[in-house]
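Below you'll find a set of structures to go through.
One chain, chain A, links the two complexes that follow: it is found with chain B in the first and with chain C in the second.
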Partner chain A sequence: MSDGVSKDRVFKPSTDLVVRDIEGQVILVPLSAGVGDLEAELFSLNETGKAVWERLDGHKSVADIIAELQAEYEDPEGEIEGHVEGLLAEFSKRRMVVDVAAQV
Partner chain B sequence: MSPPRYRPFEEGEEGLLLPVGAFRGILLEILERGESIRFRAGGFSMVPFIMNGDVITVGPLPRRGVATGDVIAFRRSFDDKILMHRVVVDLHDCLVTRGDAAVRPDGMITLDRVIGRVTRVERDGRLVRAGWGPERRLIAMLSRHRLLIPLVAYSRKLRAGWERLR
Partner chain C sequence: MSEGVSRYVTVTELGRVLRPPTLGWLDLELTERCNNDCRHCCINLPLDDADARAGEMSTERIKAILDEAVDLGLLVLRITGGEPLVRDDFEEIYLYARRLGLSVILCTNARRVTPQLSRVFAEIPPLRPVQVTVYGMSEASYEAMTRRKGSFAEFRRGIDLLVQASIPLTLSGAFRPPYLEEMRALRDWAAELPNVVGTPNQVMFYDLRWRRESPSRNRSIAELRAVPEEVLEAGVLVAGHEPVTLEFCRKFIGPGGEKVFSCGIGQRPCVDEYSFLQPCDALRQPSLTYDLAAGSLRDAVTVAFPRLLDTRATDPLYLERCARCFLMGLCQQCPARSYSEHGVLDRPVEYQCEVAQAQARRMGLLKSGERPWEVNDWKERIACLTE
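On to the complex of A and B.
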């Protein structure tokens, strides 16, 4: 499954975002036009979603992240690749991550 | 030991309830960054101008500072709880606040405990205008002189009587 995120892209978290780690669950609040809207957009990531998020360091490519997760997690149904691409496409669409290559 | 099984992420989880500590941290961080935060208010201390379940926006303090009638967000001195109440007296170096439906004022609030100001209230998807314009100074004065609660109660009685007549 591919959601339009090529594997050589490198992302890092947007600065327009508040991130909180609450008892192992990562809560993401995007700041849109200077407003953190808890009524409209609030994301929570479970343990494996968090594992993706923590790898968005501005250095690892999408392929690197997929490879690391495949090494770390048991994935008999082969879901990791599609989910990582889907998650990053969603984050990218919502401007919660920035593509390092696209930055000036 | 086998590696943990991969579980898909959860995105945009609707109705996600934030633990109190998480909400507080998010609110403080957003306001410290000079941004605003929009969330559903809980409680009855600001009835009728903020009802339980209204969606309110709290922004950073304006450059002019805080004025009488503004509804501010502040950290209460004795337990550090964050409240949103109206400024009823401005003593320049400190403020006296009171919930519009509260029986007594909160006491003196030093300016270093003030973290933001309520800038917008929405109820059932509509903007609430009453209580947020110049009339907020009159509301503060009525509250200061303990006239607001009886006045609101009286106006409710009048309204209920009018509804019965109709």
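On to the complex of A and C.
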């Protein structure tokens, strides 16, 4: 498991950022100080990022999200699992998502 | 800022959003009232102006406009005035805008920055540097400009609070003779402050009153303007070098032609405090403003303002001079300034013309006695320039 993102974890978007849909693009705007971990104004997601982000509902586990994406997209190289884990590790590092279990 | 940070997430900025929103930038002028009383100002009204205050939009009206703007994809909100911090509801409006997912640029004199406001900025950062106008580097020079006793101390305290809270700042110097030399001190001070972004710029081209409501105020502003040579020297003091570069000349110098608006008019509109939308913050010609109470932000930015791009000059003097003048990219002439000076959009603004010609002579683009609208070999002259 890469970067400590185990498959049974459940994430949801942080309330410390604002999610904007602008002309079909997902734009993440940091709200509180420290979110994003960069002196950045905006973050945009590529198609992979968007596909994962849209599934972060606070109920689906990492394994659920991987399974959904594998059912929806062809994955001959077996890359989806790594992409999802890598992305969530990055979101987590930047405090853009929160682990639901950690909030209980 | 535009550097990608991973294969999934990209740090981005307004200009790099792949599909630009209908409205990317909006100026919000909260009030014309100000706690300073600068003679040079093109917009300010007294802090206790009851009529101005009574006419200002309510908090709820402002929120409704921001909601509409966000529906159009707004990303950057510049809050200006007057002095926006004189409104008691500033913090509420600011937080509302940030929670809508807007980046906010606050333009202020910093006198009313409080410990509470600096804490708010630290917790919910504006995402864009706070723009502070500096009127002098000493109490004497500052208060000669602001005409408010104690304003210098309040300004310095405001800056201290923003620095302590690590809020990024940009500084603009609004100095006038005999204090232009203070630009050097401002530049040095800005370099020492840990959270100042970039080098300060200098507000040199004092515009006449944008609303043309006071001929006497206009005469007073005109008297304060630095002569062209002082403007150029101040530009060097600010930048530390000649501010107009060869690259700039190659890109932007050339005759403007008959089109009145060559500036992207309407792309950064301004909501004034009375719920009217201007095509830009400086352009207050009543027939060009849009009453948001009677229409919609969408109609203004998608229908009404784009029509302005077709406007052609008719003023004979403009057609003889500005339309043919190769210094148009160097000159600060624009329809808003033409309106504030003459009441029409397309008449040469002599002060801007004199400054542009002085700049061109300094660079060797114009010979003494030449009139730039009569120069035909301007491309060759630019080609001969060296850094």
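Going forward, the second predicted complex is superposed on the first by the 94 of 104 C-alpha atoms of A that agree within 3 Å, B and C clash if a C-alpha of one lies under 4 Å from a C-alpha of the other, contacts with A are read in each partner's own complex, and residues count from 1 in each chain.
Convention: a residue touches a chain if its C-beta (ideal position, glycine included) is under 8 Å from a C-beta of that chain, and two chains touch if they have at least 3 such contacts.
In this text the structure is predicted, and so the values were computed from the model without any measurement.
Student: Contact-wise, after the overlay, does A:Ala102 reach chain B, chain C, both or neither (first, second, both, neither)?
Tutor: A:Ala102: touches no partner chain.
Student: Does the superposition put A:Leu45 against chain B (first), chain C (second), both, or neither?
Tutor: So A:Leu45 meets both chain B and chain C here.
Student: According to the stated criteria, A:Glu74 is in contact with first (chain B), second (chain C), both, or neither; which is it?
Tutor: A:Glu74 sits against chain B, while chain C stays out of touch.
Student: Classify the contacts of A:Gly24 with the two partner chains as first (chain B alone), second (chain C alone), both, or neither.
Tutor: In the superposition, A:Gly24 contacts chain C only.
Student: Could you look at A:Leu87 and tell me whether it touches chain B, chain C, both or neither (first, second, both, neither)?
Tutor: both
Student: Between chain B and chain C, which residues of chain A are contacted by each of them?
Tutor: Overlap of chain B and chain C footprints on chain A: residues 18, 20, 22-23, 27, 29, 31, 38-46, 48-49, 52, 83, 87, 90.
Student: Would you pull the chain B residues touching chain A in the complex into a rising list?
Tutor: Result: residues 2-13, 16, 18-19, 21-23, 25-26, 29-30, 33, 35-40, 55, 57 of chain B touch chain A.
Student: Inside the complex, what are the residues of chain C that reach chain A?
Tutor: Residue positions touching the partner: 1, 5-14, 17-21, 70, 73, 75, 98-103, 122-125, 127-128, 168.
Student: Contact residues on chain A for chain B in the complex?
Tutor: Touch list, chain A to chain B: 18, 20, 22-23, 27, 29, 31, 34-49, 52, 69, 72-75, 79-80, 83, 87, 90.
Student: So in the complex, the part of chain A that touches chain C is made up of which residues?
Tutor: Touching chain C from chain A are residues 18-20, 22-25, 27-33, 38-46, 48-49, 52, 83, 86-87, 90-91, 94.
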